[in-house]
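Below is one structure, written out as structure tokens, with a few remarks after it.
By letter and in written order, the chains are A, B, C and D; residue numbering begins at 1 in each of them.
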Amino acid sequence: MNIKVGIIGATGHTGEELIGILLGHPYVSICGLYNTGKDPQVISQVFPKFKGRLDRVCKKADFKEIADKCDLIFLALPHTVSMDFTPKLLKINKKIIDLSADYRIKNTRVFEKFYGKKHKDNLGLRKAVYGLPEIYRNKIKHAKLVANPGCYPTAAILALAPLVSLGLVDNSSIIIDAKSGVSGAGKKLTKEFLFSEVAGNFSAYKVNTHQHMPEIELYLSRLASSKVKIKFVPHLLPINRGIIETIYVNKSHAAKGKNILGIFKSFYKNEPFIRIKEEGKFPKVSDVYETNYCDIGIKDCGDSVIIIAAIDNLSKGASGQAVQNMNIMYKIPETTGLL
Amino acid sequence: MNIKVGIIGATGHTGEELIGILLGHPYVSICGLYNTGKDPQVISQVFPKFKGRLDRVCKKADFKEIADKCDLIFLALPHTVSMDFTPKLLKINKKIIDLSADYRIKNTRVFEKFYGKKHKDNLGLRKAVYGLPEIYRNKIKHAKLVANPGCYPTAAILALAPLVSLGLVDNSSIIIDAKSGVSGAGKKLTKEFLFSEVAGNFSAYKVNTHQHMPEIELYLSRLASSKVKIKFVPHLLPINRGIIETIYVNKSHAAKGKNILGIFKSFYKNEPFIRIKEEGKFPKVSDVYETNYCDIGIKDCGDSVIIIAAIDNLSKGASGQAVQNMNIMYKIPETTGLL
Amino acid sequence: MNIKVGIIGATGHTGEELIGILLGHPYVSICGLYNTGKDPQVISQVFPKFKGRLDRVCKKADFKEIADKCDLIFLALPHTVSMDFTPKLLKINKKIIDLSADYRIKNTRVFEKFYGKKHKDNLGLRKAVYGLPEIYRNKIKHAKLVANPGCYPTAAILALAPLVSLGLVDNSSIIIDAKSGVSGAGKKLTKEFLFSEVAGNFSAYKVNTHQHMPEIELYLSRLASSKVKIKFVPHLLPINRGIIETIYVNKSHAAKGKNILGIFKSFYKNEPFIRIKEEGKFPKVSDVYETNYCDIGIKDCGDSVIIIAAIDNLSKGASGQAVQNMNIMYKIPETTGLL
Amino acid sequence: MNIKVGIIGATGHTGEELIGILLGHPYVSICGLYNTGKDPQVISQVFPKFKGRLDRVCKKADFKEIADKCDLIFLALPHTVSMDFTPKLLKINKKIIDLSADYRIKNTRVFEKFYGKKHKDNLGLRKAVYGLPEIYRNKIKHAKLVANPGCYPTAAILALAPLVSLGLVDNSSIIIDAKSGVSGAGKKLTKEFLFSEVAGNFSAYKVNTHQHMPEIELYLSRLASSKVKIKFVPHLLPINRGIIETIYVNKSHAAKGKNILGIFKSFYKNEPFIRIKEEGKFPKVSDVYETNYCDIGIKDCGDSVIIIAAIDNLSKGASGQAVQNMNIMYKIPETTGLL
């Protein structure tokens, strides 16, 4: 098997991470690196660590070349930019895994409210499959366009799916206190991401207004088969990568007397990338650092449950999960090329 | 005014911080530095930064010398050690500010459960005043023994006092998601506090079992005039100092329609060390770093409120607040010597 | 004594540090905060930590107001900007302490080569006294315009002055391997100062081409009474503040048999801000963090000497030293307001 | 090809790193994990990140089992401990790669002086080949016992080999200013490696007395065919992994007029893990992070040269290089399993 992939947006954090993973993938050839119209860039000058491993030029996306050389395209682009590329790529019959938010939210009014731009691609929205393998594996197998989940939603949905899908939670009680390393925000050159602002520091941001809220609520609502509203406060950690979400839920009546930890273990028993911690143990960022795992610890407090989930935001929260989705689409073992 | 102070436990984090603050205090002379029976230590060798500013020997506590030379003693000792010293110091009629947990919790069974040791000093427990100036200033004025609050409880109680004391909160709904720098744990030489374990990492610990829970619940219950139970998850930040607590509460019926931000501003309007953030603004660790401030931001979510409080755990959460208490006990301006 | 000071360039790193120091100075009133023509900024919004301590507007420099309200002006401006302000301030007879590089280098061709701009103020250059108190205290006493030294030069010159001024060093052998926290570079919004680039990272920059080289060489040459050429490699540390310089020199014939450590102790014996470490001890950044000290450790290797100097780049390397110079200019105790 | 490897000392930093690399190596089976006599430890409890990837017990080294199950043993032990194991392993005819210092220094008096213990294994010392592939590849091919180089020596010798071996350097002028992340020191539980001591801090240690000095001098002397003495100051960086060495040398007469950069490029032109930077470029820790590369930048200063080398101390400086050596010993492509 030789999957010929291209990456559009190869010079950002998720592009860099994708390149790193794909260079170690036994069935992949990187056949094209593209940017969004800037001057050509030698990728090993942008990322000196790739010197000698990938000495290729990243240039303006050229659909003719893509049509010839690539089977599958990863879109590692900023939000609201992917939807400019997707229709053209679908037209030339390429498989697409979009790491931006553009195809995750189905309601275009909600999209516009949170991302500040009108959605342009209704056809794509209808075709797109939400790329959370543990929940949507069967749909991903046949997808042409995968909307790779956001980093916060990946951890939140995986942490809540067992209880929410079984009706064991008071759906109005969900509180997600999330903490992320700075790479979660991409490579923005703003004062708030300077070393002098972040190092030794910590704070909340976008308190209960973050753009990942509607994404989490949408897919939890689907799992619950009823409307779920969450409270969500993200915080910026002085680390480069990693997410911890500490989640507080009240149990529903149906949950009384249930073995909560057992439910998690059973729900995820065949999942290669989900690890449930033993009672009294909780995950650290270092446990999942640079891996595609989601580690989950559970504290049953009687009437309520505290769930703590850890992922690497650049891997399971972005590029690792994208490769997991690719593996599923090509029917190769799901863990291929992934830690 | 010249307050002659001694510090027992001068070589720990809170001792170091106390020395730093007191060296800049215009009305204080440091007259004695003591440890708990180890060999004498030159304090400027333990802390080279004090070289030339305080070149004094820290030696075994000598009650005769203390009786002669000191007016007030700061106990900067580990938990369960202070109660060995306090009765002797009270007997020789010294004022005491205890930075340990020994005199905060009045129920000795609860103390034993959380601190693993039987309490030995009932008399001290009865005399001790809880040293949170914003709530207990009048009692502190006349106290002989001040139980200086814990770092997490300081931020939690200050963040919740306005709503809890006015009955505006569902007392069963309080969730405190707390994050602290490593100095909060003192200077323990354990693997978990090695640089290689903490840097680039993040995790929860003592999930809903931390020893500060009963302290928070006790003083919130007093403010509420009814039993308050909280949920509390502390996390370890990869920074040296600073605490952020993100607190989630459901409103009581009495709170409907109230201006929550206004209530906070009014409750703390004369407090020199409490700063309420404007709507939409939330505190960062850097705002309170090395200061005695507690900064509080509020998000009114309709049926619920999110409160975010920031303190420096070594200053307002320990040594700064201890000096604030000293200032109150000596009737000097409360902000003297403090940022 | 009440010194009425103004700060032009109050919103940068050195401005912030100056404000912090001056707020604790017993003889200073901050009478004006100025920027370089941007919109007015409430200083406590720029730096929330100053809320309640300094709630003043920072506005465009207004020379009429300065003439009325200020005795002394600190210029905390980028290089090549100070020389636009200095002549006007000298004309209205203000004392000036310039924290930029504009008046340190006397040779305008050298200045232009390293700072990329023609020098405009020859009169100022002639009047300016180099503000390194340990070497030029007597000149500073009577100065109208003080050129506050650069951070690297401060540590380098203090570390080398005893040996160089006594002719104990082979002047062609001096190698300075310097490491600085990121605040040394000011508040530039460039990719290289993002948290994601600096954290967990380390590298050299401007290898043997840094603009502080001619400054170091000029003042060492004056001390040596002969031309001194150095090798100088600065590195960027993943910390906010602090400089360590590891300096390697070969001894001259005159140094053979001399007690090198004794020479340092004797040279600096009356200096309040210089601390010479005992044999076998070397300074850490934490020893001088947020202080005005320069700590120096010495290793005599027989034919050569290794000297290691530590300063806080924002304090002794910038704002602290500026205040030390102010104290000297006003004949108040040199350590006033300084740690 | 299936190389059956065992690791003695699997729970330290280099053991952890070895496991991580070997799990991704296509021709290796990890057949035994051993410690030095402590209780058995489940390796995925020691390192939760390996949960699901390597769930094996690490137990006391059992030579009978090793004889049966393993072809090659990695000794990831503290210094002076390896020499207890090596003779027994040689006796049962196992290949050995020793990551400790025990077989690097051939002079047992020098060993004893720097490592504080008498050397016990003269036979091993004679058999051991120094495992720096770029210099000793041919000897490594046939070695039974490889002494894997120290981290500082790896970078230093690789940086200096081209000039020293060609006689282009004044051998008495070599100064190595080295900076390392904390993992270089292994997992010692001492105060100096606590987060609170390291974070935001920086300092030199073992100034010109470090135990890697005789190792560097020995192998440089061999390259020079004459005695080389260096000056060497290591520093502790507040990062987990990575080394930068800034090296200053004076040229010999033979070097005048030579193209220094060209000499480096030519010397290393066939080396897969050495990357020479273009003129004016210098390596960062991030360029080599978690890779087996050694990146080298060169500044020709006329009479002298500044060489800056970067490696990852746990990979090229320890476990990665050990795997590179294993690949050579088994005649498989040298880069197999390595980044």
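Observations on the structure shown:
Basically, a residue touches a chain if its C-beta (ideal position, glycine included) is under 8 Å from a C-beta of that chain, and two chains touch if they have at least 3 such contacts.
Treat the numbers as computed from the prediction; the structure is a model and nothing was measured.
The pair with more inter-chain C-beta contacts, choosing from A-D and C-D, is C-D. Centroid analysis (C-alpha atoms only) places C farthest from chain A.
Centre-to-centre separation of chain C and chain D, using mean CA positions: 40 Å.
Rounded to a whole number, the gap between the C-alpha centres of chain B and chain D is 47 angstrom.
Computed from the mean C-alpha positions, the centre of chain A lies at a distance of 37 Å from the centre of chain D.
Multi-chain contact residues of chain A (touching two or more other chains): 197, 199-200, 238-240, 283-284, 286, 289.
Of all the residues in chain D, the ones that touch chain B in their complex are 13, 182-183, 187, 189-191, 193-200, 238-240.
Here chain D touches chain C in the complex through residues 175, 177, 179, 197, 200-205, 207-208, 231, 233, 235, 237-240, 242, 244, 246, 248, 282-286, 289, 297, 299, 301, 304, 306, 308, 310, going by the rule given at the top.
The residues of chain B lying in touch with chain C in their complex are 24, 48-49, 51-53, 199-200, 272, 275, 283-284, 286-289, 291, 293, 295, 339.
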